[in-house]
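Shared between the two complexes below is chain A, which has chain B as its partner in the first and chain C in the second.
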Partner chain A sequence: MALAYGTDEWLQEYNKLVEEGLSTGQPFIIGLPEWVSTYEKLVQADEPYKAAAKTWEGSVVLHILAKPDIGIDRDIYIFMDLWHGDANYFRLVPPEVGEAGAFVITGEYERWKQVINKELETTKGLMQGKLKLKGDLPTIVRAVKAAVRLVELSGMIDTAFPDENPEAPQKIREVLAKAEQLGI
Partner chain B sequence: MAYDLDLSFIYKNPTRIVFGVNSLNDLGPEMNLLNGSKAFIITDKGVEEAGLVDKVVKALGSRWVGTYNEVPQDSGIHIVNQAAEIAREKGADLVVSVGGGSVIDTAKGVALLLMEGGKLEDYYGLQNLNRPQTPHIAIPTTAGTGSEVTWAIVAKDWEKDQKILFGDDHIIPNTAILDPVLIQGLPPMITGFTGMDALTHSIEAIHALQSEPISDGMAFYAIRLIMSYLPVCVENGSDLFARGQQQIAATVAGVAFSNAQIGLVHATAHSAGALFKVPHGLANSILLPHVMAYNSDEAADRYALVAQAMGVAEKGMSDVEASQAAVEAVFDLTRKIGLPQKLREVNVPESGLEAIAELSLSDGSIVYNPKLIFEAEQVMEVLRKAY
Partner chain C sequence: MADITLGSRADEVPMAGMLADMLKANLEKPAKMKIFNSLKTTVYLYAEDADAGMTMDFDKGKLVVYGGKEGKPKLEIATDAATLLELANLKIKMGMPYYFDATGRGVLKKLMKRQLKIKGMFGHPIALTKVTKVMSIN
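Our next item is the complex of A and B:
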């Protein structure tokens, strides 16, 4: 049975996953806990983001749809707790937590890869239906500068893409198997 | 015209368009094609009083199950919810909208709620739907909105005094029936400003950051038609040929902007409409040349092409000169068809400009403006000139 999300025990186990992942060294596979943690640190240290997001309130969830042929056997939800320019925490969360985020941006793995590689501009992707947005549009439009910076920062992570690395699908499956006890 | 090497786009235009004098008679067969048997009409009282709904009911015959006629000038989220509840009670399996943009957008929401259930506010966001919605046949009674071919619902949140955009490819109407007979009774003023709405769609599609070659082509063609036929429609509303050409222009411009998106003109017009009830086309008409002038240092090359389509570009003109000529041509057109030139003429108080500017910053259209807008002061620069 999965640990209850948000408890100390859950957090300890999640942090173990992060540490294990970080110990393997970069590049990190997109969407795994070590990648998410690296992203969190980048945003937390970024002054341009802080300035652009000083009025932002609310969580943003990046939802990567399952793609079993590269090891992503189930959907991944990256929860970003953002408040007035602070990035409190970024972490993988169970689906029910992810779906309840104030803003949920959903896309297939290929789309997220395009976003990170700056081949797909997020607002264009939303208008074209390559990405989906759940949440109050006026609020997110108001924060477009911060959103652009968040995307820019994701491109600064030394990222490994599982479709380009034959060993990655196995690694993703191993991590997701461990994450299962966290309900992720 | 320069597109970058990284040009990439998806072009969509799924609506079946049925055009012609008396094409309303095709309504029944078109409904059959969509496997509909119980049609629910969405309209407003003005359209009903003009006798147009009776014509639609007659064309539907025994397929008609009911009518909602209370859509206001700026529809609201609660209006969509209310209309959907009645349509559901009537057992509707197809929606027919008869009216302008507000009516058609309301019907898109009703089609959505009939299929998905719940309230419109449950679907805040973009591209959240995963399947086709209840079939929708749109019958525009103005020639400007383009809503019959677009992917968006603009509905006012009456509590927040803000127009909200819902966008999804699955809410684009299945069929649009463009019958010039239905718009020949439109008064000159409404003909004028709804026509300017279409011109605004065309020009904003061309300057928007998501412009692409196919929508550009459509927008340029729409501009040519509007320049030729809008003044005729205003002058002589019973000229059915001119009415039809203007109708085509409005729909083509709708396809263009539904693909390329829009910009600051719409962001400010939506806000002026939400706060001070300025009719959408009228707000667009007033703001369009001022936004073009504001954007011209970023988009002069695009406006030079607009000038060509408007027929005002002269040999040897630089992009900047042609861009200025396009701006002047918009002013000339609005004067020629007798429309107000300033926001102060349409009951916007000077003290309200800052509120319009502030609200515009959270309008979905603003992110596609060719000159990036982050601060209210940038918007105020335009509003002061338009005041």
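Our next item is the complex of A and C:
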């Protein structure tokens, strides 16, 4: 049975996953705990983001749809707890937690890869239906500069893409198997 | 509640549904609803980079949103997707769109550089102002 999300035990086990991943060194595979942790640190240290997100309130969830042929056997939810310019924490979460985020942006793996590689601008992706937003659009529009900066920062992570790396699908499966006990 | 319906091909253009939802939320404000009730015009919005377009047919308290271009719109606004959303971020002061803050100046700059094109802005200035006010989330 999976550990209850948000408990100390859950957090300890999750942090272990992060540490294990970080110890392998960059580049990190998109969507894995070490990638998410690196993203968190980047955002936490970024002054332009802080300035642009001064009035932002609410969690944002990046939802990567499953793509089993590259090892993503189930959907991944990256939960970003954001408040008034602070990035409190970013972490992978169980689906029910992810779906309950204030803003959930959903897309296929290929779309997220395009976003990170700056080949797909988020607004354009939303208007084309390549990405889907659940949440109050006017709130996002008010904070459009912060949202753009968040996306820019994701492109600064030294990222490994599983469709380009033959060993990555196996690694993703191993991590997701360990993450199962966390309900992720 | 505002009478907003999706017309032909709107379901094929995600942008149409998105902006219709945004407009519905805006029209919960009585001041915007009042303008909406007096607005009669047609507007074509085109996001060039997304190659997505939609037509809004305002008819005094009713709005039909179409996917693509429908009929002969009086106003045609073409720019990139992000700038279309920036337009919704324009502040309204003294009942008019405000162009003297960073967002407003950004919009003017794009107009000058032709990164934002508004056909009909001189022929239908009042309709354009009303549309801007209704679309503004501020």
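Quick note on the criterion: the second predicted complex is superposed on the first by the 184 of 184 C-alpha atoms of A that agree within 3 Å, B and C clash if a C-alpha of one lies under 4 Å from a C-alpha of the other, contacts with A are read in each partner's own complex, and residues count from 1 in each chain.
By definition in this document, a residue touches a chain if its C-beta (ideal position, glycine included) is under 8 Å from a C-beta of that chain, and two chains touch if they have at least 3 such contacts.
Note that this is a predicted model, so its numbers are computed, not measured.
Overlaying the two complexes on chain A, which is it for chain B and chain C: clash or fit?
Clash.
Please indicate which partner A:124 is in contact with in the superposed arrangement: first for chain B, second for chain C, both, or neither.
A:124 sits against chain B and chain C alike.
Output check: A:135 vs chain B and chain C. Expected answer is one of first, second, both, neither. What do you get?
first
So, does A:144 touch the first partner chain B, the second partner chain C, both, or neither?
both
Quick one: classify A:74 as touching chain B (first), chain C (second), both or neither.
In the superposition, A:74 contacts neither chain B nor chain C.
Per the contact definition in the header, classify A:171: touching chain B only (first), chain C only (second), both, or neither.
In the superposition, A:171 touches no partner, neither chain B nor chain C.
Given 19-27, 55-63, 91-99 or 163-171, which one is the stretch of chain B whose C-alpha atoms run into chain C?
163-171
Determine where on chain A the residues touched by chain B overlap those touched by chain C, and list them.
On chain A, the overlap between the chain B and chain C contacts is residues 123-124, 126-129, 132-133, 136-138, 141-142, 144.
Touching residues of chain C toward chain A in the complex: what are they?
14-15, 18, 21-22, 25-26, 47, 49-52, 80-82, 84-86, 88-89, 137-138
What does chain A use to touch chain C in their complex?
Residues in contact with chain C: 121, 123-124, 126-129, 132-133, 136-138, 141-142, 144, 148.
Give the list of chain A residues in touch with chain B in this complex.
119, 123-124, 126-139, 141-142, 144-145
Please output the residues of chain B touching chain A within their complex, sorted ascending.
Interface residues on the chain B side: 6, 9-10, 124-128, 162, 164-169, 209-210, 261, 361-364, 366-368, 374.
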